[in-house]
Amino acid sequence: MIDKFVRSTAEALDGVPDGATVLLAGFGDVGMATALLEGLIEQGAKDLVLVCNSGGRDGSAVARLLTLGRVRKLICSFVRAASDAGRLLLAGRLEVEVVPQGTLAERMRAAGAGIPAFYTPTGADTVLAEGREVREIAGRPCLLEYPLAGDVALIDAWQADRWGNLTYRETQRNFNPVMAMAAKLTVAQTRHVVDLGALAPEHVMTPGIFVNRVLHVSG
Amino acid sequence: MADGFTPLDRDGMAARAAHDIPEGWVVNLGIGIPTEVGNFIPADREVIIHSENGVIGAGPAPAPDRINPFLVNAGTQPITLRTGGSYVHHADSFAIARGGHLDLTVLGAFEVSENGDLANWARAAHEPVKQIGGAMDLAIGAKRLWVIMEHTTKEGAPRLRRTCTYPLTAKGAVKRVYTNLAVLDVTPQGFVVRDIIPGLSFESLAARTDAPLARA
Amino acid sequence: MIDKFVRSTAEALDGVPDGATVLLAGFGDVGMATALLEGLIEQGAKDLVLVCNSGGRDGSAVARLLTLGRVRKLICSFVRAASDAGRLLLAGRLEVEVVPQGTLAERMRAAGAGIPAFYTPTGADTVLAEGREVREIAGRPCLLEYPLAGDVALIDAWQADRWGNLTYRETQRNFNPVMAMAAKLTVAQTRHVVDLGALAPEHVMTPGIFVNRVLHVSG
Amino acid sequence: MADGFTPLDRDGMAARAAHDIPEGWVVNLGIGIPTEVGNFIPADREVIIHSENGVIGAGPAPAPDRINPFLVNAGTQPITLRTGGSYVHHADSFAIARGGHLDLTVLGAFEVSENGDLANWARAAHEPVKQIGGAMDLAIGAKRLWVIMEHTTKEGAPRLRRTCTYPLTAKGAVKRVYTNLAVLDVTPQGFVVRDIIPGLSFESLAARTDAPLARA
């Protein structure tokens, strides 16, 4: 019987190695797997590459992981100057790669969908194109972009069953379905556990085949 | 001639832009003043507001006791969903933005050039702390890009320029600019003034603008 | 008030010009907008480029459109030799471009998502690569593929509201959501009409922003 | 030595392959005999069958009076959905196939070469009537590709070959072949025989095979 539930954050994060690329969904705090992120802080892996929409506000779990020095490189769509991430960057203690938000999502989608590379006009006529491959397609300059795959994805779900089928509420969804497809090990936290078959087959938002472990959290 | 005029405030600029958005358009409103445009679209005019975090049909802010922590806009502010609205994930949300499905995107900016270049993410080309977010994706993808910004900086430097001095978000993308002083179209011939606030002369507006202006 | 409902197939297909590229969803008959396809036959547009998973079985609405000589070119993932499409092809009366099914779906997704080109290993080491651009990425030959956009998409839905929000049943979904995003004019037929707000916001499968016209059909 | 043996029939080949699929795998079963593999996976062994038209968790055929016309598999045959199954659209379905999310794909073939080349869509390189479907996508994307086919053609020509004579679906993709006579792994050293049906000798199997065979 397939049963992807684990009983603790320790079990959920077991085996995440130093140097891992970690995909962390969330837009602000909405849709962020905070319990799993706390678990990662506990677990101890370091030299991480963290992929997350932003560098986070001070006091957030993301900022704590960064200030603990556990992240070697942050890949995100923006960093605030007045934030731990901004200060670490300016102090030379954090490498940051800023990627336009749509390209960030699409690069992970490409990783999940087996697209080895794609072109996009986003950023092609900006400083982001410096030193990079640009090709004119249909009269428009386009940047060549490569997939962004994770070793681990941390997912925040609303409901989950033992196959790992997931649903999300409102804007909790954001990066979660895309990141769930893009990692070797996908770990989800869920507010609700439901029986197999309780989710309507048409309404599953992340099929369980993309999910390896599920942790039930409160809240 | 001395001008006697009152520049529009944030609400005034947002209301002025909202006035020009017809029913049925799908519209992305950027962070800041653009977000406030939504407050000035009459409730009975069905405009579908897209938010980059996966909202199609964003509604106004909820009453304080009705906040849903799972429902926020691109500025992570609590919102509501209009009847008929729906949710998509981030890649689908940007497929909407990049795929040309937005009738209109409204963004803030530092500067706009007379050929429609947009600069809105940094004040220096190699500034290490980059605030790009979804702006580049939105700028390249919309059918129309409007900008709302003050006509000049606090120090009085013009933001409508022959050439942007700040790093670009996208080239040739802006179609119209709403400022606290005027509404201007970006045309192949440069900025064309559509209207000016009462009491401000064309010449005074031109004096506050780096690029040349044409009358509509 | 936004109201995308039209009252007749004639109104639904109004303005489809000769030479149009028509995206027709469906896997076999499942999820195929047969009433709209019949309407297109009535409407009279010719020199069409038809994009459809297969050339169809004899007696199908697709086969009828083909045998009426209304299609200049068929873009599909397979054609049966023993079918009208196969016979027309062998008789030199129909141009056929065969595209691997996943590439077919992805090319339309690229059209909908604003991806000007992408690479895929699918078909890169086969005769499909002859005369085409191949690039080695991560040690693997990949074909460069371009978006496939439609002038019109014909969509088969289960439920629809006046904004054009759509749902699908079971495998009715297939190409429908992808094609709905990929055309300039997207026309849907639906079995059920529901009030705005009746579809749960999380369960809308094609947001109405991708849909221009909706026709209520029986069955 | 004369052989006294009975080649496996379609069911026998499907059952033999089904035997090797462990619980928890996500498996795409191609049209024809591969589809029948699903009939031989015990109901209590949770194997998740993917169908290219957007089914995750395909179940067996329904009773004739329980057919749902909206629910078919890749061969457009009526199926059921397992408890826990779900549906996705075509681009997502092929994202599963191409993105490496299938533990196993089982396809039919005309020929397989000793380096794992697969030929299963046409009998001539420039045959105008092409039956590609999803085979090329499935072949490049799966973690493992198995083939089920007769060991030889009706005329007795070997289908396991040094080099394919038919146009390829994908190069170097096949990992194992189930025939009516044997199970063979494709290894860097070529075909390795895992097992042979009772009564057939290794030499007799080799005589029916174009490529050299090694013993496991």
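Lettered A, B, C and D in written order, each chain numbered from 1.
The criterion applied here is as follows: a residue touches a chain if its C-beta (ideal position, glycine included) is under 8 Å from a C-beta of that chain, and two chains touch if they have at least 3 such contacts.
Not measured: the values here are computed from a predicted model.
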> Quick check: more C-beta contact pairs in A-B or A-D?
Replying inline: A-B
> Taking each chain's centre as the mean of its CA atoms, how far is subunit B from subunit D in angstrom?
Replying inline: 55
>> I'd like to verify one number: the distance from the centre of subunit A to the centre of subunit C, where each centre is the average of its C-alpha atoms, in whole angstrom.
In response: 32
>> Centroid of subunit A to centroid of subunit B, CA atoms only: how many Å?
In response: 29
> Using the average of all C-alpha atoms in each chain as its centre, how far is it in Å between subunit A and subunit D?
Replying inline: 35
> Which subunit D residues reach two or more other chains?
Replying inline: 81, 87-88, 91, 94, 97-98, 140-141
> Can you list the subunit C residues in contact with two or more other chains?
Replying inline: 106, 109, 113-115, 120-121, 168-170, 173, 201-202, 205
> Think of each chain as a node with edges to the chains it touches; is that a line, ring, star, complete or other?
Replying inline: other
> What chain-chain pairs meet the touch criterion?
Replying inline: A-B, A-C, A-D, B-C, C-D
>> Applying the document's contact rule, which stretches of subunit A touch subunit D when the two form their complex?
In response: 1-2, 109, 111-115, 161-163, 165, 181, 196-197, 199, 201-202, 204, 207-210
> In the complex formed with subunit B, which residues of subunit A make contact?
Replying inline: 27-31, 54, 77-81, 86, 89-90, 96, 98-103, 105-106, 108-109, 120-123, 125-128, 168-178, 205
>> Show me the residue ranges of subunit B that touch subunit A in the complex, using the header's touch definition.
In response: 51-55, 68-72, 76, 81, 87-91, 93-94, 97-98, 125-126, 128-138, 140-141, 167-171
> Taking the complex as given, what residues does subunit A use to touch subunit C?
Replying inline: 106, 110, 113-121, 135, 137-138, 140, 142, 146, 167-170, 173, 201-203, 205
>> Using the touch definition from the top, list the residues of subunit B that touch subunit C in their complex.
In response: 23-24, 26, 46, 48, 50, 56-57, 81, 83-88, 91, 94-101, 140-141
